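Structures incoming, each one as structure tokens.
The following pair of complexes shares a single chain, subunit A, combined with subunit B in the former and subunit C in the latter.
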Partner chain A sequence: MSAAATRNRLPLPALIGVVIGAAIMVAPLLWTLLLSLKSNSELMRDSAAALSPPYTLGNYRDILAGSDVPLWLLNSLIVSLGTTAAVLLLCSLAGYGFARLDFPCRRSLFIFVLLGLAIPEQAVILPRHQLFASMGWHNSYGGLILPGLAAPFGVFFMTQYFRAIPKDLDEAAMLDGASRFRIFWKVLLPLSLPAQATLGVFTFLGSWNDYWWPLISATTSDKYTLTVGLASSQMNYAQTSGLGFLMAQAVFASIPILIVYIIFQKQIVGAMAGAATR
Partner chain B sequence: MTRHDRFGGFAFVLPFVGFYSFLLILPFFMGLWISLHRADLFGARKWVGLDNYVRLFGDPVFYQAMGTTFTLALLIVPALTVITLLLALALNRATRSAAIFRGLFFSSSVLSVTIVTLIWRFVLTPDAGLIAKVFTAVGLEPIPFLSHPDWTIPAIAITTIWWGLGLPMMLFLAGLQQIPQDMYEAAALDRASRWTTFFRITLPSLRRTTILVVMLQTAAQLQIFGQAQLLTSGGPSGSSRPIVLYIYEIAFGRWELGYAVAAAEVLFLLVLVLTLAQYWLSTRKEDAIR
Partner chain C sequence: MASLSLIDVHKRYGSTAVLDGVSLEMEKKEFIAFLGPSGSGKSTLLRIIAGLETADSGEVWLDGRRIDGLTPGDRGVALVFQQYALYPHMTVRENMAFGLRNAKVPASEITTRIEQAARTLEIDQLLDRKPGQLSGGQRQRVAIGRAIVKAPKLFLLDEPLSNLDAALRNRTRVELAQLRQRVDAAVIMVTHDQAEAMTLADRIVVMSDRSIQQVGTPMEIYDRPANRFVAGFVGSPAMTMLPVTLDPSGNADAIVRLGNGTLIATQIKREELTGETSFDLGLRPESVTVAAVGAGTLDAEAVIVERLGDRTLVYARLDDGSEITAVDRGDSKLHMGDRLGLLIDGRSAHLFGSDGSGYHAEQTI
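Right after this comes the complex of A and B.
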């Protein structure tokens, strides 16, 4: 933290406010964790039983043994990683093209891409559902991955990044007779790794947490992602297996993304702020 | 540069532009076209001109959904802005504990809407929820957060605020970092009080950030969907149904695709006006500073 940050300790009233706020942040998470560690029959009588032992890992065993949750986790991983890889490739190529190469209509094409930043999901999701239905793409990994590839922010982000890299580097390589693609692949791509990490984590998170599109595209439970799968568990809660089991699903589904958050905290915060202030 | 080279640049941008045109631009224009038809989800189409829009503006349920959406935005946006500004002011410090608190307040934002509603359902629900357990322990009647029309909208708002603190807090922190330190030093030389410094330096310097936060949050809350669908299903009797949930129900409950898309276009216009207003306000501000 630079200049404006102070090293001063927090004044007491502010400290009390922050601690109360932190308690409100943590209490629901802790309650969820405790519920997930209790047997369903005990919670059926009174959910306050979660506050005292005995605790058990039984609900987690049930998730791993006989539920669809691990399959949904796998689907989420496939969709999010597939989206991320494709977005990084497409946006890096396009970003390099817009930042470094000269070709007819370059400016108008770039503006055409930036216009997409003003189109919210709601304006396209229903017609896209029609489009995918006519192609027979619903209930497939491709159908879940494709919509994420129209990522104008990614192109904007990569273009800005490539523009900031000094031109001498690729000019030197060009004198050595390297092709455009070789320069991109061998010189600029390695230099853009920090930007790749930021855009990658940002894309992964958005894809992992997406709810609206998988809700209407994946309608059979074998293609559910975690978000849709857990939504269906939540909706069917009254008929099914119990509170502890449901909350164990919530914890189980949170763990991968919280690990990603802890490792990539800087990139996530940076990318979200960047997307907001573009 | 050879002629071949001049067109070579296309090869780099074409893959993206292809996907982008097919997946975003084409559906966008398809949407405008479909909204002028009586269309169902299965492909039947009949041209009706602006009928869907006319119907929409005579539809009391549409007005109810709009009202719910604006009420939610009015509850969420000011609260979120004030809370995150206060958090940013308190946590703009180079101490280890401030860093941990920042990480904690941001952490809920990385969870999906399904997990967030799952967590909050069993905090709010009157039979098994955490709040109800605390209330009964001190002898109070549990609040029917998820079923009583007076409480469903606040319940959705509380859940959304808990979920959304992270980003605006970080934006305010970034804004605070950009205030030149010498302004504070000058104020200290003038023996300005803490309050004077805050109201004369800190708050005016955060104007642009505040506009950004308010506009972004308003745009986000106008499109609120998952929380309402999962926590209350828009009930009881539609009292907590925001506009996107209404669009979803028309399309996938009643299969009236044309009508649903028309409602989505109205929402799109609202969000677009907001985006343009934010752009205008923030560029105008920059000119004023120069």
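Right after this comes the complex of A and C.
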């Protein structure tokens, strides 16, 4: 066994603890997956039937054929990707400005932005609803995306990241004849890609999982995001008469998140580890 | 015509003055070192020339063109940063090409210039690597290469050797000396290392306390320090300073008296010493040699004995408590605590007046 492997091996009690913890985390997910692969009628008789074959993809066929789930999925993708792209753009620009540009009231303005972190969404949801209603922005992609763009944490995060990049690089680029925008675009932005990835993943996940604002803003089924759509389909007795279909919807909804996680695993784990050790 | 002219440059950070009326003329292809302790303003002056700082007042001219109002990229200068400041996400080739692309140099010429510089600096094997894959010495060469390809009128080097280990520093120092012969530009190097300044520069600008203390060739600086600060800062070990009074004896050349009454004959013209009678006698270690007890100019006790191989440095304490540095042979038998005689060669001694001004023998250069 290599030295590295020996060093990384957990002591037995810790290993057992980790396995138990992992089992507790995985069990509900596995249960959801198994339920989604059983017909509703079988599950109505006994939900324990999920533990034994036969399994079927019928519920997934129903989702793709007859339900609004693909449309809600598309809505969620548009809203989440739109929010993520806009947040990355705005936070990078704002972060660069706070970190590198000298302008009046910079410090006060930065503190003002940070104060946004202390304001819970609940405190502003009613005036925001009234504002959007008066502007006629409800039931639109813009209405779903716009509130997510106020991202004080993103501004703070990108500011701190840009501050950590040595100013020598800006100065070297200035001596190389680069304009302010070119320094941002060609030097600092590429160097901030790890931060962009981390912020992007968390913004995407946050937007994807957001339930409250879409519930208020999207009132017609064609503008539902997946979270609101799935909740709307859980009518009375859904837990008993359509359990398999319900679970299939949940699994289906989590596929994009799973893809995002697989692609950006390194950044997500890195951000978590960073938060833990900071 | 001077390559670079600095005219009465002032700079303050808030209420703190950093540069106080600095003026300097620099010739074409000249290599000048700004030498001084931390906080002396040398780096600020370099950054003002580069355009990374703005002077509060004063003018900067390069090749007959006033540049202090221009952006750094338009000044015709290139700076090699202390920490190299290579773009980490770009390859060596891209690092070197970045400035040229900004200047809209045709692609074919960019390639030619990069390959030429890479051959000169022996980094042609590294062109497709990123800075993170290079050693400190290689990064240093790339940083120099990035400056060379721009064919600037003036190279600015900010402590270029400070991040290298001792062996690499000596090698790079030799390479820098060779490099300056090949580039058709003036060079300014900021350093706090006097050995770098002495070995590389045509002239040294010694800075301290927000202003230039002395400008001169390395030997002028060493042999005729303008004031007490320069005398103490340049030379290792530092020049010994002993309080003396001017003795009425002697004719044209001054004779001074140490605290214990010992007379030392200098070759400094008495007429230059304007009315003062109390001075500090400045002695380089090589002006003080070890002799047998009682056989020298005065006796002392060895406090520290540093054996350097070819010579031995003896830090000794005189009977009145003042300290003096002397030189002995490489195979010196002296030990700490030994009594010894010291032979002072007054011909190469210096005198410093109460305002710090230096007086020197005429023929020392």
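Criterion: the second predicted complex is superposed on the first by the 234 of 278 C-alpha atoms of A that agree within 3 Å, B and C clash if a C-alpha of one lies under 4 Å from a C-alpha of the other, contacts with A are read in each partner's own complex, and residues count from 1 in each chain.
Note that a residue touches a chain if its C-beta (ideal position, glycine included) is under 8 Å from a C-beta of that chain, and two chains touch if they have at least 3 such contacts.
Values in this document were obtained by computation on a predicted structure and should not be read as measured data.
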Contacts of A:D168 with subunit B and subunit C, given as first, second, both or neither: second
Message: Per the contact definition in the header, classify A:P104: touching subunit B only (first), subunit C only (second), both, or neither.
response: first
Message: Going by the contact rule set out at the top, does A:K186 touch subunit B (first), subunit C (second), both, or neither?
response: second
- prompt: Residues of subunit A touched: more by subunit B or subunit C?
  reply: B
Query: Between subunit B (first) and subunit C (second), which, if any, makes contact with A:I63: first, second, both or neither?
result: neither
Query: Is A:W31 contacted by the first partner subunit B, the second partner subunit C, both or neither?
result: first
Task: May I ask you to decide whether A:L131 touches subunit B, subunit C, both, or neither, giving the answer as first, second, both or neither?
output: first
Message: With both complexes overlaid on chain A, does A:G177 touch subunit B (first), subunit C (second), both or neither?
response: second
Query: For subunit B, which residues are in contact with subunit A within the complex?
result: 1, 5-13, 15-17, 19-20, 22-28, 30-31, 34, 41, 43, 83, 86-87, 89-95, 98, 101, 103-115, 117-123, 127-130, 133, 137, 162, 165-167, 170-171, 174, 176-181, 184, 212, 216, 219, 223, 225-226, 230, 244, 247-248, 251-252, 257, 260-261, 264-265, 267-268, 271-272, 275
Residue ranges of subunit A in contact with subunit C within the complex: 166, 168-169, 171-178, 182, 186-187, 190-191
Message: Under the stated contact criterion, what part of subunit A meets subunit B in this complex?
response: 1-10, 14-15, 17-18, 21-22, 24-29, 31-32, 35, 43, 47-48, 90-91, 93-94, 96-98, 101-104, 106, 109, 112-113, 116, 118-131, 133-134, 146-147, 149-150, 152, 155, 180, 184, 205, 208-209, 211-212, 216, 226-228, 230-231, 234-235, 243, 246-247, 249-250, 253-254, 257-258, 260-261, 265, 268-269, 272-273, 276-277
Message: Per the contact definition, I'd like the list of subunit C residues that touch subunit A in the complex.
response: 50-52, 71-74, 77-79, 81, 83, 85-89, 98-99, 102-103, 146, 150
